[in-house]
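Listed after this line are the structures, all set down as structure tokens.
Consider the two complexes below, in which chain A is the common component and chain B and chain C are the respective partners.
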Partner chain A sequence: MTNLDHGKFTRMTTTFHSLLALDVFALFFTGYAIMFNDHLWWLLVLMGGNVGVVALHRIAGLGLVALVTFWVVMMLITDTGRSNFRKVVPTGDDIAAFVQDVKFMLGRADERHPNARQFAGYDSDEVPLLSYVGKGVVFIFAIELTLLVISGLLIWSKTGLMQYFATKTAAMAFVVFHGLLGIIMLMGVMFHIFEHGFHPAFYPLETKAFIPRRMIPESHDDEDVEGTGIERLSLAPSWNLVANLMGVLVTVGIVSVMTASIVDEGYPVPRELAVEGGVIELLLTIGINIGIFVLFVGLVLSLYGNVIRRRWERQLQEQRERPTAGDGEVASAED
Partner chain B sequence: MSKSNQEVMGDGVMGVGENTRIFPDVEACIDCGGCVVACKRTWDVPRDEQRISISTMLEGQEGEGGLNASSGRAMEQGTSPGETSIPMQCYHCDNAPCVSVCPTDSLVSMEDGFVNVRDSLCIGCQYCLSACPFGAPQFPDSDEGVADIVGSGGTMDKCTMCDERQEVGKGPACAEECSTDAILVGDATQIADELERRDSGVFFNDVAMEIIFGDDAEAF
Partner chain C sequence: MTGYDLPEDDVDTYSRSAIVVAAAVSLAVTALLAWVAAGFDVFYEGLFRVGPTVEGGGVGADWVAGNTMPALDLLIALVHAADVILGVFILFLLLLHWAAFRRLAARMRSPEEAREGVAADGGTERPEGGEPE
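After this line comes the complex of A and B, so read on.
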């Protein structure tokens, strides 16, 4: 066993993460099938055609409202919720960590700030529950999802929208906002998938968001090892190829989605501002489909995370029944 | 039509085909509903849908300053036009907001300047309804099946400007039928000139005119 079991989440957080991922993927697959309907015609058909797709999108939207409401209530009424919330609130150290990271990239700092530590290579007590990047992800996703829910509900109910905003301009602003924010969120999610799926120490998946903390031992009493444990890992042979490939796919996906939303006449960028498509239309079609492929990989990884959790549970179970025999195998559950 | 009247009012339909616009002369409209009937009969429009409808505003009220029969002039002068009936339909805008906002490109500005709905692409999101300043988009299937359950709009339907009739040289059914020639069909200059000749004002504000006619709005 290595020293990688830092940043542990409760069972509720891991379950919530999985459900949220499923729901958000459903929203993305339907939403992008609508927005990029000419590039993702096959997805539109799979999602129930032009009538079914809106129905699915709205049902998933209601699912999101339910999940978010549940989460907010839990944050407020449980002790763990409140303490988790405190751990997510950004501090001065997080800003310092960001600044130091920029310096680090420029070669002006020797090491990364403790609040930037997220992955292997440190003792687990040196690593915060969430790095500043992790906190950023939580906050950005939370804000984006809230705004998407609000604008989505307003767009859904035409009369509600008109009643509150009285002018067509305001109503249209919400429609466009919903689309643009969706694109920004897509880029963030692609990055999130890459970040947590293709790190050399965790490839093909960082398990902390899937295996609840009470299933992870607090100490490593099996052996007394010097070092952080990272030196005991060996790099998966396929990592290099797969990580590079996914890096390229994520980049192509993000760039295409961004470009297509500008080039594509009409929604969400007004016609007057749109650049003419023409020749690059084909490239964009490929690029956007690559983006959807990246999302699909994310969905598969999210499901795989739960498979790993099941395996982990089973091994713990066996270990409990045969106290010594299982030790070696637990470590291999990380693969 | 008597000879003296003919000198004042020309035909509503002045031209058809490419770059033809459709625009109401509200001062001529007497709210008889002839256009509505003509449209329904021509296209078999279902009972609970109207591709053209007459909106009557300030019902029973008198216009200010003797402008009772000159709603357009009253609007231009910023005074109350009194009871006015406006034939509302899709004006096939030059700067069509509905086309801009349709996420599936189901609404398109055709080469000939007409705005078309491609039924097979429409997802019933009703963004066009939010965008259209004239309330043209209709959703006759909005309470059917899945559309009803999830609150989507079914497929959008609106005035086609009788493009099929125009292809064979006929004017839109509503304009041909209108007994007072209150629906003007022709290019922007023809419409502007005809309104001028009738001494009818433009009932819509500059923003709306800019949306409908684009650069040609200057003709008015």
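After this line comes the complex of A and C, so read on.
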């Protein structure tokens, strides 16, 4: 047997992750329909024009406030939360993992550092809860979401903001700040989708965030596997094409939103919906739409992860009811 | 015993009561913040205040682009810088993973090899062609 990916998340975390993903996708689709409205005019129209899109953005924003608060409280009041928080704190090993990853990319290291591994091939306990990238994602997203919630609430309460900062233009600056801040998260989520959807061993989706830890059967019978065990897996026929295509799309998406965030300085919503001319604008329009397509892929993968969880749950249930069926093994694609 | 042990109760988990408490606190805080954001009022005009692309200009359309407060200018400049610096770093991470994934993929059995290999080495057949879920 090859120890594939042991479950790492609790059931609460898997549910939270899915809800957060849905909510953040809703915020991206509405928020960037506003900020890049000339590039994403179809998205703006699709979601009910200005009025609809702003209303949806605020509803999703309240959802985010609720989710973030829930998470903070859970981390504070439970032992598991506090212990998981300790496991998320970056250590020297994480820096070593990043350095070794660069060497691995350049062909100067044979293996990825344990702190970089998604595909473990090790006992669950030998692999950290999160890779160094995972830790970075948690920290950066946590800081980002907090700042976005604060600036979002300030924008919402414009009268309060104007009272505090004296002018309307100051309030407007917060709108710009809020939109530009979200760009970092947008780029990070595109990378996150690539990282967890297109690993050759897990393609088309790494399931650790969907199948909770307590549902993953663990076996340590067979300890004599050489290496990480990846040699025993066969590559999906479509992996090469799809992973390269997604790599290109994610790159184009990240470069485009980053460029647009520099070019589109000032109040993000112009007086009139106008598609601007010029080659750069055309390229940005194509690129930003590609970025939004990457997000749609992420949304589909997130829903797919939940379908897999349901299937897995049903399989376990059947196994329990008929314990002698087969030879007692849990039918699993991971063996 | 060839079966797997389900970890079940061995693993750390969150208690139901903790989840209920956190959910209650979260809803209360959200409701409070929504109330504050709406100016200590029920939503009656709050939702649709920004509609600058509306015909004739909605609220916000007359806000002059540009901002004279140095602190806010600095804040925006900082976020611009963060966008670019983190953007370049994220691109690097993407290329790093893309390259690492390609190296890992090269170590895996190719799809054709897997099809032939099952018969040749009598190894265990992967039920779904080696494609993990």
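Note that in this section the second predicted complex is superposed on the first by the 259 of 335 C-alpha atoms of A that agree within 3 Å, B and C clash if a C-alpha of one lies under 4 Å from a C-alpha of the other, contacts with A are read in each partner's own complex, and residues count from 1 in each chain.
Following the convention adopted for this analysis, a contact is a pair of C-beta atoms (placed from the backbone, for glycine too) under 8 Å apart; a residue touches a chain by one contact, two chains touch by 3 or more.
Model, not experiment: these values are computed from the prediction.
Residue contacts after overlaying the shared chain place A:191 against chain C, while chain B stays out of touching range.
Once chain A of one complex is fitted onto chain A of the other, the partner contacts of A:35 are limited to chain B, with no touch recorded for chain C.
In the superposition on chain A, A:249 makes contact with neither chain B nor chain C.
Legend: residue contacts after superposition of the two complexes on their common chain; A:97 is shown touching neither chain B nor chain C. In the overlay built on the shared chain, the residue A:207 is in contact with chain C alone; chain B does not reach it. Looking at the shared chain after the overlay, A:237 reaches chain C, while chain B stays out of its contact range.
Applying the stated contact rule after C-alpha superposition, one finds that A:70 touches chain C and leaves chain B untouched. In the superposed pair of complexes, A:55 makes contact with chain B and with chain C alike.
More residues of chain A lie in touch with C than with the remaining chain of the pair chain B and chain C.
In the superposition on chain A, contact of A:295 is made with neither chain B nor chain C.
Counting contacts as defined above, chain A residues 37, 50-51, 54-55, 58, 156-158, 168, 171-172, 175-176, 265-267, 270-272 meet chain B in one complex and chain C in the other.
On the chain C side of its complex with chain A, the touching residues are 1-9, 11-15, 18-19, 21-23, 25-27, 29-30, 33-34, 36-39, 46-54, 57-58, 60-61, 63-69, 72-73, 75-76, 79-80, 82-84, 86-87, 90-91, 93-105, 107-111, 113-114, 117, 124, 126-133.
By the touch rule above, chain B contacts chain A in their complex via residues 95, 97, 99-105, 120-127, 129-131, 133, 146-147, 149-152, 154. By the touch criterion given at the top, residues 34-35, 37-38, 50-55, 58-59, 155-158, 161-162, 168, 171-172, 175-176, 179, 264-268, 270-272 of chain A touch chain B in their complex. Interface residues of chain A facing chain C in the complex, by the touch rule stated above, are 4-5, 10-12, 37, 50-51, 54-55, 58, 62, 65-67, 69-71, 73-74, 77-81, 83-84, 101-102, 104-105, 107, 112, 116, 119, 133, 140, 153, 156-160, 165, 167-177, 180-181, 183-184, 187-188, 190-191, 194-195, 198-203, 205, 207, 213-219, 221, 230-237, 239-240, 243, 247, 250-251, 254-255, 258, 261-262, 265-267, 269-273, 308, 312, 316, 327-331, 333-335.
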